[in-house]
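Structures follow.
Consider the two complexes below, in which subunit A is the common component and subunit B and subunit C are the respective partners.
Let's look at the complex of A and B:
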């Protein structure tokens, strides 16, 4: 959940999101350096009295300004691809949850060989005297255990939706006729919020996602 | 360095000079550019830009245009058309310059150039108009905003934006552990139930 005036990403409650926050900081450093350098060149070109207006080409300069950005991009690409493939890794999920998007609510289904339980999760409209989070609270939260690899299979029953929980770093489109998968694991118990992230009709802003993580001992 | 030649076939239309890089020749004059006879004052009408002015160099891009620029101080054409008085002064300048008065030297300069370098770079006060226009625009925007707030935005404030509601939201955020590592809950002491001191 974001607090008032928050500009940065939400705190990472899963391992992947923590790594994404580190990656974001790393990229921001590189981008600020590049922007500072370009701004300096910009001001220098405008204000310097020693600029040669009649320079037409320079092979050395063109070689340098091709090689240096290539090296910078390599430094950006390696961590990016590493994180990307780490996100895709789904191995030995402990729990599988199906998420079905409807207009305009989410349906969650837990199922395995001996257990099948599903429920709908509608947004609760805020009353003036109850301290609810505006357009974020639901009647039935999705309760999950901590320290467990959870696999989400996301689909939709009608139109495109998108299931997103920013603090866990997960988001995937809910597409009718297709199963998209997501994997997450968090060691922290707590309540994490998200909202539908693909326009799906008049109540697109009013179908939130609430996950409640509780310790594994209490879950079973 | 460059020889100016006429590229158009029709001599009575506006003739556009094109530049062809060739071996060094003397500075071209309209007479040489035209090819055959000298340019009379009536024929100056055919060349509306150049007239009777001598082309004295390449200038910035080879076009026979006069311009004042501190970074390229030698334009392609003289400023004024040649008059008999100026012609006489130019003949006199071929001799010893100490025989010329300051007024004559200045007249020669002003015949070739419109303004001096210090006149080109002198401050012109344009910034006053720019700053004034900017301040006027800012003032008009503030007036417009005031009008919108007072006359158009009349919806009631949301209860959820009141301080009491926000305090209850903050209490719930702390209870749920929002930002427990670096955010708002990390500044709350759960043992004592108060904000951390440092």
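Let's look at the complex of A and C:
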């Protein structure tokens, strides 16, 4: 859950999101390095009394400032692609859930070859003294088991929506006529919140997502 | 009586001379900043996750959350479990000790 004044990513509650947090820290190391270098030279150039009106080109300089960014990008690309392919890997899901976006609520369907159950999830409009989270709580939460590979198939019945749960590191667009897939696994039980992430009309801000992860023994 | 000689004025490519010094300083500063980020932010975060994993007991945390009424699908028992009551007592004692 986001808190007031939060600047960084939310805590990673799935394995992929933890890796994303580590990757974000790694990228910040590179960015802080570049930012410090550029800022220092920027301040020097502005405050320096020296002037050089006669430099028109420099082949060495152009070579250096092409090769160095290329090397930096290589250092950024390899872990990024590794994490990207890891996210896309869907191997032997234990449970499949269909998510359908509507204006302005989510519909969830658990289904397999012998079982089909669906329900709608509307935002709860709470009163001012209610203990519920503002614009985040719903009437029917999506209940899922921990320590299980879950595959989400996301689509929409009307306009574009986007199904996102930041603390699990998952987000995908719900596009009418298309099935997008997401996979996640979390070892932590708890309640995780998300919100629609693609503008879809007047109540776009009022169609939250709430996942309830409980141990498999209680789930079954 | 000897008089100290003033420093020689750089008359040829002064900007380039200055730049050599300042680019070196910029490299050094950026390396320090990057290492500082790694040591002060990245490594503590990894350590925090590792420490959490070492002591995380899913069953205990789940029961605690059920008793607190966090879940809609699993309701708490009418009577509090004895271990929850003991745990809350320990927390109250720790808070009272900190306030002293």
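Quick note on the criterion: the second predicted complex is superposed on the first by the 217 of 220 C-alpha atoms of A that agree within 3 Å, B and C clash if a C-alpha of one lies under 4 Å from a C-alpha of the other, contacts with A are read in each partner's own complex, and residues count from 1 in each chain.
Throughout what follows, a contact is a pair of C-beta atoms (placed from the backbone, for glycine too) under 8 Å apart; a residue touches a chain by one contact, two chains touch by 3 or more.
Worth saying up front: this structure is predicted, and the values here are computed from it rather than measured.
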Taking the superposition as given, does A:1 touch the first partner, subunit B, the second, subunit C, both, or neither? first
Comparing the two partners subunit B and subunit C, which touches a greater set of residues in subunit A: C
In the overlaid three-chain picture, which partner chain does A:50 touch, first (subunit B) or second (subunit C), both, or neither? second
After lining up the shared chain so the two structures overlap, which partner does A:190 touch, if you call subunit B first and subunit C second: first, second, both or neither? both
Tell me which partner A:179 touches in the superposition: subunit B (first), subunit C (second), both or neither. neither
Which partner chains sit in contact with A:134 here, subunit B, subunit C, both or neither? Use first/second/both/neither. first
Both subunit B and subunit C touch subunit A; at which residues? 188-191
So in the complex, which bits of subunit B are touching subunit A? 71, 159-160, 165-166, 168-169, 171-173, 176-184
The answer for subunit A against subunit B in the complex is residues 1, 3-4, 11, 53, 126, 128, 131, 133-134, 188-191
In the complex, subunit A residues that touch subunit C: 12, 18, 21-22, 25-26, 28-30, 32-37, 40-41, 44, 48, 50-52, 141, 143, 146, 187-191, 212, 214-215, 218
For a test of understanding, state which residues of subunit C touch subunit A in their complex under the given definition. 13-16, 18, 22-23, 25-27, 29-31, 33-34, 37-38, 41-42, 45-46, 49, 56, 58-59, 61-62, 65, 70-74
